[in-house]
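One structure is given below, represented as structure tokens, and several questions about it will come after.
The letters A, B, C and D name the chains in turn, as written, and every chain counts its residues from 1.
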């Protein structure tokens, strides 16, 4: 049946969003990069729950492929529905900019979350963690496991994914400056495919036996590289870290094939997104360090319009059990 | 049952009997039914109308999450542009026969998009020369397919599969997998943005400019080529029976070669359009997700283009595109949440299989061209 | 109808009927075939012969009627049913698999297997016998069919038909693609089989053959069987009249042979491995026949003149100047038009309209500024051609696939006549075309010659050559040999073509082959 | 019925095969040679690549490198066996990726939910694949619509089904029992990975079946000329149907391999794009896309070559996106070589 149409039931009987802000509750729509991956589904859960607290109507619809064109269709249908606030996690920031302009022209408050569209008309960007924060934490975690030195490689995903590439940049600089005895040997792109990530990680280990570290740059390659280390029976010899969701990383954190997973409280990110939505709908200013129910340490930068969730969250064998997504 | 690259042993059209050959004339209703079932164009029109009526009624009774109105339909046309253009590209090559097909159009879009990005975004060329360059470069990629298929007699499916791999790889390597989003390119979006139709602003809703700058010209040109020029005739001839065409004195190779060049040129045009629509030249523009090739082929086939060659019309491609685009747009409003985008897959698959089976059955029952 | 011998007929069909959509392929067919006899089935194109035998072979299912086999009623619902009964069929175009070996082809569908796997040894042993029977070298057994000539393919196909103890052997126009020598071999096989009690159903448009092989003849017309007679009671003329349902006039039109310089001349023309030292001259208004048995290289000569092949020696001259047609296009620019031999593969755009088929050869001519197709002129040209050649069709928009062999052939011919060619090369212009259509096509060719076209007919049909040619150039073993004038004695011509050694060809009995006096 | 297409009665067939082949060759060329020139070329090319790689990266020839390489080859090689048969019959199946998706998600889900043991999970996965293959087969054989059209349709339909089952989330905590087909120690006996072993056995059976049984030869006949085959008494529809069912069954089994090589979680994009990779392997293996000619041995080699290239590019530290460029070039070269041989053969 109609699986996760979360906001769906709500809208279909509210009948025709043409009224726009007509209904007493503000409607907040969120378009993820891609449906069906735990990361965004968790954001959806968080946003939904927050909306029940804050009294807003949460809509969520994602494309089946991480494809800018497919995403544009959904944004268009939300513009047509005349939602009050529209959040997008753009697959391709540049291509989203003009669409956001259209939405703004249609009187919709537009914002980005998870991934920014810098030169667009978005009012707010809900940022999970600063680029530096993620890049540096990844590096620190890996270095801690590798003992501050050694050669490591990065298994990234989509060649064109902007945020991944920016994190990799930080890792390069930070490693060079902070860990002179460590070096990044190679960066490979496995797409969104776990098995490819695993195979590439294996090949990297084989081509360079002195390799002692691997980074899985996205939620599909993080467990992938850990799996490769486990298969190669190199647990302990080769350390891995990555950006993996709790459930997918748990088994690897437990058997040590993954040292740590660097992420953030994704459900909290969803909640923060919802909250920001209500603020935008009500047209209220966001304070420098706002009071967000249930979320600590949120900061807001006025002139860049970036609402920061906080420091990255480091998942280890000890705390991974606390999250379920 | 037979292959994509050999002429059919006895294709449906073979069986056609002239209606006049019938001993007793059939009644008007029977006649209409036969036309509806055997003529793909007619079937598509009916389906399209059905979709529009159903959706508007649903919308009227507030079953949809937003009005399914003309302005929305107009806005969604922005997707129709690349689909139609690439559908026409497939029309050219599939009609040329001998298993003609082009899996590489999406990859050509990616690669050409990057080339255009360089010219317009980085080398500071002005729009028109850059556009010409893009179309020419696309044609060049098509020419590579054409030489292999038409002159060296490589099977089209494999050739274009190979060039698909090659072009998409080059598109990524050429700029170190970075998209090009220089200022001029971001402003280029204006050529795709929705505009009021001049002269009759209120009557007609705002239609994406791309429909006028890209789609309409391309459709008209290809229609003229296929239906009104001697080249079109040669294309249908070689698609129907290229041995006979050879004996007739038609330059089979050149005709087929040009079909692939044309497909490449259209892909080049799509590349420019995609760059404009996305305000950036992305190295994976044409191959992201399922890529652009499979949808284009699907559209062509749905539009009644016979995979065995020699049959196919521009109108079919256009109608098939409108059907799919407007059906998908409706589904997004009718089915909220992730299920919405999932049902789009169902709709596409179902319509394709349904139409193919129906016409297949009808052609055996009545004997008529698809 | 013939009613003798107490033994039940091998095959008796009554009241068979079959429609295809609107078309009544067969309205009512009765036929009685007795064991050990050769039963000829004749009729015009589209009379229903192939359909009838397809029904017997289980390839089509009848709408009505009964089939008795050795006196017992049977229902044949599939090709396997037919094979089980021992009904073996050789279809019009031998349908074999080039990728598979001769042995595999022969046993396809009824392989000899041992323990789940094909018993290649046993198959080869059996196929070797069969190949001997039909006169092919045994070593062919293990060669890929793709490497053999069309005639050999047909022989393989016959071997295939015989592989499963055949009790009825159906041959649909087998001789259409065989050389006279191969026909003799075929007849030999047929006689051996009839002696073994096999019943043969033999379809052919070459009526003269029937008098040498058939015992009885059943004539079909417009999907009905007109009657069955012992061959002895009939003459060719009578059969033809039954086929067309009326008297036909087939005198050779008297025309005075033109003189003057040759418009087309082949001077010592040769193509390595195919033909050599071919010398032919055709004057404006003259009809010259290149007559040769199938496989004598005569077909290749035509293709070379038309630029499909390139001569390796000698010269082609038009109006005395040497030309080098590099392609059909080139040949056309030189005013040479060609009617290809294989209408279905080289001639027809099957599911396209008649008008399309006619204009396809003249798109330049029918265009404005060489780009736009002038569709009005296309239609008018098509209509006038349909009238001129008397093509039987409801409209010029009818797809040629729905036309009979003869009418389809006229359409292909029409394509060659749109802009009056200087030289017209006709390859097998009436192959597989029924007598009525043949008449009309011959009349057309004569007309063209009268209008001053130089006509070169490349044919393996002796009667045709004698009928309409002003001169006959005999091609043997890849080169032109003797030349004959009009009304030559066909025995002489055949001897010249088949070679001096007393082959059975010379043994053919002219008195019965019914040449018009 | 479709099973019997793959494993003929008398399991000891492969031994009989060699004997029969010998008998055949003894009396001249009964069949094309057991190893085509295309395949010899592939073997040489692969050997060369392996040589180069083992020189550049010493670790290449270690089990730690070869075993994963072989295992990574198996899904494409296995599905390729079915695809080869389909293409020999003159068809094509672009829906295999979606079949793998549906089979793997159903299997993973049931294993996680109801702790289904491996011995049951594998048959389940195969069965699911078989059913979807049957859908393709019926529509193509009886609907008499061109295979590429039908499978384009079912590609979307199956994908829809899969996504509905995924229900917008991944399958988590897939048990390790599947490691039996996997890359780790659990996945091999005597150093040979099970997945590869199984693939080789199945490929060998298919090779023998296609070459030495009536049913096998009939696939070639159908691809050569379906109408002529029908007239010859070949059960064309049954052949066509079975080709797609076999492909479905193999895709079902391949789904288990994919699961085994994956991590403990399964994402909805599993199998996407697989169809093109499989077709590439088949055509590199020398199977004629026009039907009537082809061999599963070539396909397995083709798959191995493609995977070798991917591995090589990564191990040499070249940009990974170059590997698809090489694949493209290989396809052109393979087809070109094949065409050249065709020309020379027909010329002589």
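The rule is simple: contacts are C-beta pairs under 8 Å (C-beta built on N, C-alpha and C of every residue); 3 or more make two chains touch, one makes a residue touch a chain.
Predicted model, so just to flag it, every value in this text is computed and none were measured.
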Seminar exercise, completed: Comparing B-D with A-D, the one with more C-beta contacts is B-D
For this session: Using mean C-alpha positions as chain centres, tell me how far chain B is from chain D in Å, no decimals.
Result: 31
Exercise. Distance from the CA centroid of chain A to that of chain C, rounded to the nearest Å?
Worked result: 74
Exercise. What whole-number Å value describes the gap between the mean CA coordinates of chain A and chain B?
Worked result: 35
For this session: Give me the residues of chain B that touch two or more other chains.
Result: 172, 177, 290, 337-339, 342, 345
Seminar exercise, completed: Multi-chain touching residues of chain A, meaning two or more other chains, are 1, 3-4, 35-36, 62, 64-65, 159, 189
Problem set entry | Two or more partner chains touched - positions in chain C | none
For this session: Can you identify all of the chain pairs that touch?
Result: A-B, A-D, B-C, B-D, C-D
Exercise. Which positions of chain B touch chain D when the two form their complex?
Worked result: 1-6, 9-10, 99, 101, 103, 148, 152-155, 157-159, 161-166, 168-170, 172-173, 177, 290, 294, 297-298, 301, 307-308, 337-339, 342-343, 345-346, 348-350, 352-353, 356-357, 360-361, 364
Problem set entry | chain D to chain C touching residues, read off their complex | 8-10, 13, 16-17, 20, 23-24, 27-31, 212-214, 217-218, 220-221, 224-225, 227-234, 292-293, 346
For this session: Provide the residue numbers of chain D that touch chain A in the complex, in ascending order.
Result: 57, 59-60, 62, 64-65, 68, 72, 159, 163-164, 166-170, 172-173, 182-185, 258, 261-265, 267-269, 272, 310-311, 314-317, 320-321
For this session: Give every residue of chain B touching chain A within the complex, in rising order.
Result: 59, 62-67, 72, 75-76, 78-79, 172, 177-179, 181, 186, 189, 193-194, 277-280, 282-284, 288-290, 328-329, 332-333, 335-342, 345
Problem set entry | Residue numbers on chain A that touch chain D, as the complex places them | 1, 3-4, 35-38, 41, 62, 64-65, 159, 185-186, 188-190, 192-195, 198-200, 202-207, 209, 220, 223-224, 226-227, 230-233, 247-248, 250-252
